């Protein structure tokens, strides 16, 4: 496949601390096609965030190789955008200044790139809030600003680490729909990490289930929605028969690990 | 309110108050600094004279003559060893509690003028245009320095710069680190500096300033009225110590004082005692001489610490009965 | 909470606002009463000689002294001297402390090496160094030496702690964009520590003032510390109390100034 | 992180542990080197008279003085005097501060009335009161007066702030069971504020020591503050430095003691 | 109905602050039968927590009456147990000491009552953790301890305010099942406040939808599960047809309020 955007080959990550060592991932292999939307689910602590950090170049693999667009990853790269679990907007910058942060850091802030970033704000309904401070926004809006900050540096691959987990139920559903739309329109290759099975089913083209630590790929499901083109998350949820079938399948897959895996 | 009443002061034979003859009485004594300058006082302690007269004296150091007097005024100490000037300030400001001086310990200024460089023959005219480190304004050593300067025809701050902004304890350091050509210093620092070549004694302020009631014992009127026997016993003990110092060799005095100066070398101490003794630092007896008292006020007026119209009558701040009694009784 | 301004909009609300106002008035009244009662008692006790006004001074005498010294102009002199010394010492302590904190943040090795030294310097009573500073720094600089010594370790420790407590995710975020260490410092660590910086100011302005006063105790020609010592020397408790009174005013004013700065920054930053 | 002990379990882990150990050794070595170099330089500079040992003292002289004073027994005396005063002052400040903080928490009215007074008292340099305390409290109590004055307002403010910062939901929870105000204080507010209490101790032990030293500067029979002042008066820098050295030891020891208490409590409490 | 356990009659609550006043509830009427499990959903800030505080006696109604077992509520009462949104375990007490906190406060701690409370720990699988401190427990276990602390004082009415919102998705599903079982066995009258529609459907006998502020009852749904007896939450979720129908209905009901009602 020469349209593989992103590939992990037999990747292993071992964290060492004074107390001991943790095998976070081992022998994980995964390929993501250009423009594909992949969701990764798996038990708590199985190495999902580590997987994203590998692709983002923040963590080096102990063994194996990570390739983005055919190039080995050696550090943070402009090709990859990483959206963390919470928005982490800089509260002393207004929305516009937050959005251009990445450009600033990469020394690419010009009139043109700024206009492009602010254009994204307009495009996704935030133009009225350009000069607001983050605390003046709702959780959903903040998350959208964080996404635009990531998109502003125009990465080819987008990594989302539980982007909705800090939001309440209803906002979450709405935002899933919206962000799904944004990513589709900007045609990004995306990996979404989540704990929420229904979110994975609703958003992704393919759901990858990881084993418990050390994480490797256990099963994967290509999500077939009713019609040919992928349906938007909320629509998928309503097509309840199919949705429930996937839910049930993945649920059983994970059930073994549930019990006392609380994260509180 | 009772302390305001001016009793015709006790004759020393009053029957009121605690009697040291009947068992030890505690006396809280506050000294201005901890200095060999007050040697007889330490002799009285180490030679057991206080005990002999039925006193148990506890010495506390309040760093500064104002603090010693304040301790007595506020009832936190019974007797203060300090310069006489607080009693004058207090009298003039009409505080309700008056301080009375009942004995004198030193009759001369105890400081020495040190020069940074060794001079063969010192003459006060040499200080012209130079800087001297003095004491805080309003303090006895400072007033003596200024008085001396005026007497030799030098105007302080015009012909000579006198630094008066230093804490007492900061003066040696300031001099040693070279901030002035001259400084007024007490013993044992003066001798120590000489020994180490940091500075050289060129003049004795005790000799320059002439006889003065320089350090005295004072207490409140009230305390004196209520504890005449204690005050008498204290004066007796001190007089005995003063006589002892006079009649013993420098080495013997040094040995008697040393327990209070555990960290001072014996030979240095002997030298210091010798110097103080030679210039008649310690009063021959505890009676405060009225002429010397006049000299004091003259210097204070000259130094601006006292306005001419504030001149105090001898009897207003001094009570001599205890000292005279001691002079009669103690041999 | 989305509701706005203050005009009462219902009987319940009007009653509530009345109650709150009455509460505030009661508090103000009690505060004033305490102040007045204390002053009156002091004045009376001194007048009746229950206490010795010579030792405790007296409000009316303090006031007289204040007015006299103010009209002679030397009160102003002493106040400005102390104030100037405080502000210079404060600025110096801040600059040094900030620089050191940045260095510690920058080099993990340095910060680990410095740690026990900082603990010791932090815990020791810097005041004890007064006499030594004087010898080392001389009469002009020792005041500043004292002021900086007393405040700088606190500044370093507070700022460095603040720097380290910056949410590591902000730093991680910058790193995802490939930020350098200097960029992390400039774009995340320093701005995120602004509140810490200001609360360190709040602590420091007070400490600096202490350092200046102690410095003036040891050596000075002018300043409120000088006035306190000199007043004691010539037994003018009125003068001492007046100086203490001015000092209280200054310290409260400086503190409130920094507090106002703090709350305005916090309001802006949310 | 659920993995346990320290024995290396893989080549990577062994390498990591070696690296960490080497890092620790480097830090220790640097710390020791700094200390030794500073002392050696000081000694040498004084020997060669690059600096005047008379003004700066010298490590070997300080050591001699230390040994001599220790053998004469008066070093021990001065140290214990200061230590005893500090511990008594500390305990007194703590008791008073705790009581006041409870009172403020209990009565909202009281705390609102007291607020401006506390701000002023907190910001003013208590040191300036030294001479006044001496007059009011006398030579024995003024040391404690100074020690308490300097530490108590901080204790009150820290504890009261801590009390108020206790998660209101813990209090709400108790209220759902019908708890009284005293129960809320005893069962939630005080235990929840234990960490605050201990960090206030950490600040206070240092402040108390400062107060004691300043108190001894003003009036004393013995103690390290006495030694410093007396040493300054007779210009025995060795003595001053020895006293300062002991003081540093004491303050560091007290601080580390409280820190150890803190970390053991925090470890237990999580 | 003489088996009405709990009744609110035309209740209104108005909060006054210096800034203004907020009508949190107005003219709300609601009756809950003995042993019934009622879920309350509604938009953010519509007064759900206020409703529970009223019943718990922590807030007084500005108008109307609140009756528990026929008695007007005047303050916190032993009849009512209130479980807050987070567990709020006292971290300096071990599990056993936390569980008897309510008894202690009410002066009812005796050997017998303590034994009963510890018995509940045994019964619900926490006996091994009696002497553990809260931080040694997982989020799910902590939440169960909090429930047992509430049950230890043996209230007749139980109020649950978003008890699962701080837990991750899988733990939440499991715990819903468990706690539902506990409450059914102890046969408590329960009001559950939640943002999660599926949680409400899965657990309750009846779902009450509130209007936006000032809150009043908008609609209610009696949840009919397949078989006669109420089914456990997880089972209900799997009976996807019915579940999805309810979900859809309630979702539409609430949708009007969604948009930017984020709580972040």
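So that you can tell them apart, the chains are marked A, B, C, D and E in the order they are listed, and the count of residues begins at 1 in each.
FYI, contacts are C-beta pairs under 8 Å (C-beta built on N, C-alpha and C of every residue); 3 or more make two chains touch, one makes a residue touch a chain.
No experiment lies behind these values; they were computed from the predicted model shown.
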item: Smallest number of contact steps required from chain A to reach chain C; value: 1
item: Which of D-E and C-E has more C-beta pairs touching across its chains; value: D-E
item: Copies chain C and chain D touch via same or different residues, half shared test; value: same
item: Distance from chain D to chain A - Cα centre to Cα centre, in angstrom; value: 49
item: Whole-Å gap separating chain B and chain C, where each centre is the average of the chain's CA atoms; value: 40
item: Two or more partner chains touched - positions in chain A; value: none
item: Of all residues in chain D, the ones touching two or more other chains; value: 55, 131, 135-136, 217, 229, 232, 237
item: Per-residue overlap in chain B, given as positions that touch at least 2 other chains; value: 67, 70, 73-74, 169-170, 173, 176-177
item: Pairs of chains in contact (touch as defined earlier), listed by label; value: A-C, A-D, A-E, B-C, B-D, C-D, C-E, D-E
item: Residues on chain C engaged by chain D in the complex (per definition of touch); value: 23, 26-27, 30-31, 34, 55-56, 109, 112-113, 116-117, 119-120, 122-129, 131-132, 135-136, 205-206, 209-210, 213-214, 224-225, 228-229, 232, 237, 240-241, 243-244, 247-248, 251-252, 254-256
item: Sites on chain C touched by chain B in the complex; value: 49, 52-55, 131, 134-136, 138-139, 217-221, 226, 229-230, 232-236
item: Parts of chain A lying in touch with chain C, wherever the complex brings them together; value: 56, 58, 75-78, 80-82, 84, 86, 88, 90-92, 101-102, 104-106, 133-136, 153
item: Chain B residues touching chain D - in the complex, by the definition given at the top; value: 28, 30, 33-35, 58-63, 67, 70-71, 73-77, 168-170, 172-173, 176-177, 188-189, 192-193, 196, 198, 262-264
item: Chain E residues within the chain A interface of the complex; value: 44, 87, 138-143, 165-171, 173-174, 195-197, 238, 240-241, 244, 248, 254, 257-264
